[in-house]
Every structure is written in structure tokens, then in C-alpha cells.
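Both complexes shown next keep chain A, but they swap its partner, so chain B is in the first and chain C is in the second.
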Partner chain A sequence: MRSTAAAPAPLLFAVTLAVGVFMVAPILLSVMAGLVVNYSTGLKSGLTLRWLAQVWETYADTVGASLLIGAGSVAATLVLGVPCAYMLARSRSRAARAFEEVLTLPVAVPGLATALALILVYGQMASFRRSFAFILVGHVVFTLPFMVRTVSAAFQRDELVALEEAARTLGASFTQRFLGVLVPAVFPAIVAGCLMVFTLSIGEFNLTWMLHTPLTRTLPVGLADSYASMRLEVGSAYTLVFMAVILPVLWALQALATTMQKRYGT
Partner chain B sequence: MSSLRVGTPRWLLAACAAPAFAFFAAFWLLPVARLVALPGEKGWATYFVVLTDSRYLQSMLNTLLLSLAVTATTLVLGGAVGVYLARRRFVGRRVLLSMLTLPLSFPGVIVGFFVILLGGRQGVVPNLGAHFGLEGLTFAYGLLGLFLAYLYFSLPRAIATYTAAAEAMDMQLEEAARALGASRLRITKDVWLPQLAPTSVATGAIVFATAMGAFGTAFTLASKYEVVPITIYNEFTNYANFALAASLSIALGLVTWAVLFAARLAVGARPT
Partner chain C sequence: MQLERTRIEIVDCAKTYPDGTRGLKPTTLTVEPGEVVALLGPSGCGKTTLLRLLAGLEGADRGGRILFGDQDVTARPVEKRGVGMVFQSYALFPQMTVAANIGYGLLVRGIEEVERRRAIGELVDLVRLNGLEAKRPAELSGGQRQRVALARAVAVRPRVLLLDEPLAALDAKLKESLRDELAELLRRLGITAVHVTHDQHEAFAIADRLAVMHAGSIVQVGDAETLYRAPAHAFVAEFLGRVNRLDRDADALARGVVKLGGVEWACAARSAEASVLVRPEDLQLGARQPGWAAATVRHRTFLGERIHLRIEAAGQPPLVADVSRDSPFQVGDEIGLLVAPDRLMASMETAA
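Right, the complex of A and B next:
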């Protein structure tokens, strides 16, 4: 690559190596622990799918619930977030800037506080409180700013403004402009936002642990439950299930980033 | 901001944002306003309980110290790894980078579990220690376990942003410094650090805020070192003390904000 890059840096190398081991070892350890008969004895005790089967028996519903809530969060943040991102990209009013700031607060405020607040106001509505919709609302509040920020940045590009103006002078209505010109133009950003929202929703625990009920459990809630009450091997097998759910999404995110880099060169 | 303007009428723009605003007002602004008002119903003293009750004060100091230590360590290690990965091209670099950033998507509970696998009662380290006659190496349930878990949680973000920032660094400055005979320490201090400063401030803020509010990690480890999110959770579930939990949440939010604000002031005030 660059000529100076070859200068030796033993200290940096040592730190990178140590951090690499620290970050990767637990993942490998966990994958192994979920597939061996006995964690303490390790690979010598032999491989088994018993723990995965046990996880599937006890917690299969949490996988479905998390996928549904993830998809629901994506749908809700699309409907609420994309038009809102457009407004934030085009409006120069103070109110718009203030709203943009406030909208990101749920990311900064501890999830526990948001969950407590939701329980305080809506906890008495029993049918709402006991449904997955309660968790979904929490996830949408938390993920909305990510969708809005990502899409809003894309809407702000200069050439898009010109494109929209051209469509307008040609007589396109607002709906035609929005759905026919703008949304296709920012589509990569929308997809990126969707994947981000989905990943965040699947992994969300701080809010969800407070909002869940024994009948509305998500994947991370089930994980915490298995870590507290089951053998290490079962907890590890369950972690493996989580990774199997999240990895395809992450790969899609990375592939998307690479495609974007090739097409737009940034 | 673009210099061009589109003649979309204001009412139409407002209509675009209305659904998001209505949702946000109903499910965040209103509930949080209620939460902030709640301790007042039990008397004004409830707001200051974090200062007046030594148990809560201790918990707050624990959280603050832990978060500051984790932030500092994350920035140093993440910065070093980021600079290294940005400069080197070696086989498996992409794989390593994606392995290092994979934990970004893990919830805190998984990270806590990882630390249990490493240093819990049946963990690898205590097991190895026992093999060599060293007992009592179980570190998962104390301060060290919590620190390592928080570090594990925050490093991926730091590595990802530092790698991106270091790749964009101006190489000519460094080459000039080296040609003029600057030592490695001087280059780090006078060339790298100033260029990476914006990244450090932004990453540090996110890492610190995340550490202050982290709940899943400490929850899984059932740590003896009590942090505020756990205190809030206990007040709410074990004692059903809603007002106190609300007061502690507000205190946690305020302390986090105050530290971030102070950091922003300190950085802004420094001559560049």
C-alpha cells in the first residue's frame, strides 16, 4: 500500500494481537461450549446437538417473537421515519432542528428510564401491557432516530434537491415526486436503515427486560433467563442460535456497504 | 445544508413529520415528562436521594468511576488497534476486522455470559489456574469481571471508528515528522492524537453514555459491584418503589449529560 506503512510497530502489533484474542476467544469458546457434552472437560467430552435441541424445545417461541418484533420495528420506522426524514432534510425552521435533537434522546437516555416511563403511563392498560405491542412500541422509540438520521442524510444531497425540483416543474405531484423520484434515489440509505433497525431490535435488552411479561419473551430476554437458570452448555447453545439469526443480517449490511462503496466511491 | 431549495409548502413538510411526532410525543415525551414529575409527588427530597443516601451515592460513584475507566481504556486500545489495522495490509485483515466488529450486534447479556465463560465458577481461567495449583482466580462476579465485560462491549465500536478515521489520516504530515527525526512518541503525540481528536471525542461520548446506562451486562454477571442501572432495577422490582427508581434514572441521565457537557467544554476550550 503506502511505503511508510511498513515501518515496524511492535507495540501496536502486540496491542492488536492481545485485543484480537480478547475479542475473538469468547466467541469461539461459546460456540464450542454449545456443541460439547461437558464444558469443563471441553472437546474431549465429545460433540452433541443435545443442547441445541433443548434450547429449541424451551425457547423456540422467543426466536419467532424477536423476528416478528424486528420486522414490526422496521415497518413502523419506515412509515414514521422516512417522511419525517424528508421534512428534517428540507425544513430550515428552528422547530425542525429542535425536533431532530429531541428525537435522538432515547438513544442517549438509559433504556431503563424509557422503559420505566412507558410502564408508568401505559402499565395499567392490561391488554396493551400484556401484548407484544408494548415491547414493539419501546423498540420503535429506540430505533426511530437511527432510521431518521440515515435517511435524512441521504435526502440532503444537492443533486436530489435539483432532481426533485425538476420533477416538480414538469408537473409531478408531491406523491409522485416522493414515491417516484425521492424514495428510489435514497433507496440504499433506506435499506441500510432497515438493516440497522432490525439488528438493534433483535439485540435490544435494556428496555425489553422491563417491558416483557412471562408470555411475551424475546430472544435476549430468553438468553438472560437461560444464563441465570440453565447449564453453561445450554446458554452457549442458545447464544449460538442468536448468532445464527443475527449473522445473515450483518453480512447483508456489509455486502450493502461494499456495493455502495463501489457505486458511489465514498 | 444544500444551497438549493425545493418549493415544498410548509404544511406539507409538517404533515410529513406529523405521524412521527405524534408517536414520539405519545410514547416518549409524555411518559418521560410523567417520570420526571413523579418523584415530586413524594416530596422534593426524593429528587436528591442520590446525594443524601450514602448507598445510592456509592452506587453512582461506582458507575461513574467504572464508566470513566472503561472509556479511557477503550479509547487507548481501540485507537492503537485502529491505527494498526488502518496501516497494515496482511492476509486475513478483513476477516479480523469483521470478527472484531461482530460483537457490535451482541446484547449486553451475551457479553456478560462471555465473561462468565472466561472467569466464572466453571470458567476457563479459574480451571487453568486450578490445573497449575492456583486457586481463587474466579474474577467474573467482581469489579474486574464487570470492567472486562464493559470493555468487550465498547471496543468494537471504537475499533471500527478509529480504523475508518486512521485510514483517512494525512500521511504526509507523519512522513515529514519522521524525515525531520521525530521519535515515535513525538509522532504519536503531535501527529496522530490531534488528527484523531474528533473521533476520540465522539467515540468517547458514546462509550461513556453506553457504559453509564448499561444494564444487561451487570444483570447477567449479578455483580457484587453495584451500578446505578442495577440499583434502579432493584428499587423497581424488589421494592416496587417507582418514585425512587424515577429519581435515580433522572440522576443517572443528569450525571451522564454533565460529564459529556464538561468534556465538550474542555475540548472546545483547548487551543488548536
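Right, the complex of A and C next:
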């Protein structure tokens, strides 16, 4: 019998190619725009690293801030989210379901509204308002449901219930079985949750734009600032910096997560 | 390795779930020290519920009591009950090695490392997992996982061992060899064990006594041969093997006989029952002769070591006979049929 998969489909190939080009073109153009002397004349005006240098001089601190806030979000959602995910997975009460809904709200509610609420309540605490901690809190509110949902789904699996029962029959106390058996058993889900939280935190703009001050800027906020106030070439160079610094970090984390999942997956 | 032998007494234990369903009707059962008892029944019969009550993973309804030896453990949480349990899925800790799995119970008890290693070594020898100590569960075969689960459960020297469908996750061939191995291992440990299964052959091979369960209660308790030969209930007869049902009309009931293929066999002792049961292997087939029922072979199924014949005889629904593979009878043969009187089993169902 002839395999249908092997049949040539020129139309499908053409469509795929067209969609691919359509999506890759903006990335390539944006990279080019950051490297040419003058975007309106194009490559003829010559290549330069001047814009990159200018971006690094003005916005280097936003790269560090974004990475730190990303890491901080991961740490906070781990400490808050993993125990919370366990409780939600084991509780069948209506209060628990309601809590889960409330927890998920910041994903649906526009970031601006969440940020406004935070400012209304905590805006008067000046030193908090002016610190990166304020932005971190916003990011945690936004990313927590992603960690909780992912890990909670893993805790709910029948085999996890059986693992916990097995640990109990062997005499393990709650702390012993939570840290020694359950958390390691859902480790792949926790890693996936961390990766998602980090990625979302790095790219978060809505909330952050409302919460930031001139001294507390993350990378996407800086990007908006450069687009608004500087030459197009500088903005494009900034995108280049983002891709050069953030993407390798994300890829490295992704590779780490895959290795972990291979090693600890069941 | 020899373990403590503890008597288990279950007194009036029932289980009603929060939504009102009755998982288990009030049940009383005693397991003698060192005895292996199988809870046998179809799914939903309450056997797993009873096992979970014993483990302390579920609480019995008020009024029920569970005793291990002289100690009332009804109110003891599972962590302090001193049971070892083998789960259907084995529930091995996926991120731990075989040795760490086996030693987990000792670790959480704070046993020091030297002693722990010694105990793990002994158990690895006992269940013949030598050389696999550093493997993770995902790298093991089904049979090896089952042995790790057993070793982990007995490592903490439990008073009682509970086995929840321990062989259900294995394929048929492996199951057969492992059930004898498991039976032998339980005898060597000498531990009191309760074994839940829906497979009667597994129960026959492993348990000293069987408690057959149906719809939330224990129907009959006894050793395998007694239950098979003299079931006290049609459900027990049907669950433990195939049976043919011989119907009796009002006339047959009045005269204390069962009618089949033109003959009448006396079965006076069971005068009140609308039907009697007979196992396929208890049908004797031969040439037509006086006193034997006249029957016809309608269908022949060759099964390898045995042959199943479907037989029709006047006055009864079709019967199945289980005969040896050398049986000469073919489809359409006119044959004689005889059942020894002591092979007619009571159905315990009175005529309506």
C-alpha cells in the first residue's frame, strides 16, 4: 500500500513556505534595521555597531533588572505556588475552586487594571513604590496562576495520590512525604512551571509599564521608551540586544528543563 | 527474614462514602496469625474498600472496630498502623533508585545508614533483585517492579501485609509464574497478609483462605477447594468457575428430581430450589445407554489442552461440557450424559 504521507503536495509546501517567509521577514528586517547606518537608505548606507553601543550605554541596566525580576518571580511562585497547588489538588471544597478562579483572574483582567489596583493600595508606601520589589509583586500576581495550574494538574494525577498513600503506609510524616516524595515526583511539572513563569516575566509589559518609575525599568519598558523617543535604528538595535541576551538564556533553561524531564520523568 | 505474626480482627466494619453510597456493609472477618486471606470478588464488590479500611487509608463508619493482635487500631492513622502495602500500580517513587525505594520506610523512621544498608541488602537478596539496586523504577520490568514494591512494604517489618491486586498490572504468562513465587515468598516471611484480587486462580494459588465478596458484603469464607466444590451461594459457584444451570419445573420440584434428556435424577435434598448447578468438567459423556440422559453435540470448541462442547438435551437450556482433548465426540453426535449425584451443587435459590 502506498503511504499517503509520501505523496508530494506542492500546494501545501508553497503555503508553508509563504507563511514561513511572512513570519521570518519582520525578524530579519528588524535585525538589519538595527545594524545599518540609515534605515531609509537601507544596506547601501553601510553597517554599524553604533546603535548597539548606544542602546547598551542607555539601557544595559534594564537587561539585568529583567533577568533579576524573572528569577525573583520564579523563586516567589515556587515558594507560594507549589504548596498552594498541592492544597488545591487535594481539596474538593467549593472554597478551593473559588480560590482557584480568583487566582486566575489576573490572567484575564488587563494588566493595566491589575497595576492600577496595586498602585491604589500600595502607592502611598513610597520606598516600596519606588523599588523593583513593586514590579516583582506585580509579576508574581500575574505569573502565579501559571505555576499553580501546571503543578496542580501534576499533583492531581492518580499515580501521585497512590505515591502519597504509599509514603503514608511507610510511616512518612507530611513534611517528609511532601519534600521527599511528592515534590520530586512532580519535578518535571515544576520545571515546566518555572520556565513559563520566567518567560512570561521577561516579556511582561502591560503591568510593568504602569508600575515602573524612571529608575525601575525592565527591558520591555525600556524598549517602549526607545521606540517612542529615539531613532528607529536604536529601537531595532534594542530588539537585537533582547534577542542576543534573553534568547540564549531561555534556550539554556529550556534545554535544562528537557534534560531534567528526561532524567526524572516516569 | 521472619516477621511478627499478628491476628487481624475486623468487627462490624462498614463504609459509607460522603455522597451516601455504601462501599461496604457491616463486615466481620478474622485472619489468623500468619495466614494469607484473599478478598475475592468483581469490581465494586467492596474488597478494595475493606483493604483500605485495614490500612487506615479510609475510616470505618462509627461502630466498626479493627484489631491487630490485642491492639485496637481503629483510631490509628495509617502512618502509625504498622502495615505494609503493595499497591496495584506499585506506586514506586519514580525519582528514587531501587535501593532508595526499599529503604524509604527505614529512612523516614530515622534508622541510621549502616543498619539501613544491611536491611536493604537482605531484602534485595530475598526478592532477588541483586545488581539492580541503582536502577530507577522506569528501567525495570513489571515483575521486577512488583518485587521492589513487596520489598519496600516488608522492609519496615509491618505487622500486617496488604496486597491490592499485586499481579493485575502484569501480562498473563508472567502473572502465572509470579503468583507461585509470591505465594512462596509470603510463606517464607510468615506474615499475616490480606490479598485483594478479582482473579480466582490468583486467589487459589496465593491464599490459605478466600473471602468471596459481592455487593458490599462477604458471601462465603473458606479454603479454595471447599468453596469450589461446595459453594454456599450461586454467586460463589459462578465466580469461581463456569457452571451449568439445570432448571426444575413445578412437577420436578414436587417429586424431588431434576429432569434432563428423558431421564430423571433424584436430588431430594435440594427439594426447594428452582435450579441446581453443575460444573462443565462434571458432565460425563458416553454412548447412549439406559439411565443416561439423551443429548446431542451442537458445537465444539478446541482450546488446546481442553475441548468445550455445547450440548443440548431435552428439557434444559444448552449445557457446556469441558472434556479432554482426546474426546471423540463431534458436532451432531448423539450421546449419553451422566452427572454423579454428588456433583450437583445447590444454587441456594428457592422457587418463586
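The rule we apply is simple: the second predicted complex is superposed on the first by the 224 of 266 C-alpha atoms of A that agree within 3 Å, B and C clash if a C-alpha of one lies under 4 Å from a C-alpha of the other, contacts with A are read in each partner's own complex, and residues count from 1 in each chain.
FYI, a residue touches a chain if its C-beta (ideal position, glycine included) is under 8 Å from a C-beta of that chain, and two chains touch if they have at least 3 such contacts.
Fair warning: this is a prediction, and the values are worked out from it, not measured in the lab.
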| item | value |
| --- | --- |
| Combined model on chain A: chain C and chain B, fit or clash | fit |
| Partner chain in contact with A:Val74 - chain B first, chain C second, else both or neither | neither |
| First (chain B), second (chain C), both or neither touched by A:Ala65 | neither |
| Chain C versus chain B, contacts on chain A by residue | B |
| First (chain B), second (chain C), both or neither touched by A:Leu144 | first |
| Chain B versus chain C as contact partner of A:Val181, first or second or both or neither | second |
| Partner chain in contact with A:Ser173 - chain B first, chain C second, else both or neither | second |
| Contacts of A:Gly20 with chain B and chain C, given as first, second, both or neither | first |
| First (chain B), second (chain C), both or neither touched by A:Ala162 | both |
| Chain B versus chain C as contact partner of A:Leu52, first or second or both or neither | neither |
| Shortest CA-CA distance in Å separating chain B from chain C in the superposed model | 6 |
| Chain C-contacting residues of chain A that also contact chain B | 158, 162, 165, 168 |
| Chain C - residues contacting chain A, complex | 55, 57, 78-81, 83-85, 87, 89, 91-96, 104-105, 108-109, 137-138, 152-153, 156, 162 |
| Of chain A, residues touching chain B in the complex | 1-2, 4-5, 7, 9, 11-13, 15-16, 19-20, 22-27, 29-30, 33, 39-40, 79-81, 83-84, 86-88, 90-93, 96, 99, 102-103, 105-106, 108-114, 116-118, 120-122, 137-138, 140-141, 144, 148, 156-158, 161-162, 164-165, 168, 174, 199, 202-206, 209-210, 220, 223-224, 227-228, 232, 235-236, 239, 242, 246, 249-250, 254 |
| Residue ranges of chain B touching chain A (in the complex, touch as defined) | 1-8, 10, 12-14, 16-17, 19-21, 23-24, 27-32, 34-35, 38, 77, 80-81, 83-85, 87-89, 96, 98-100, 102-103, 105-110, 112-118, 120, 122, 124, 127, 152, 155-156, 159, 171, 174-175, 178, 184, 209, 212-216, 219-220, 229, 232-233, 236, 242, 245-246, 249-250, 252-253, 256-257 |
| Contact set on chain A toward chain C in their complex | 158-159, 162-163, 165-173, 176, 180-181, 184-185, 187, 264-266 |
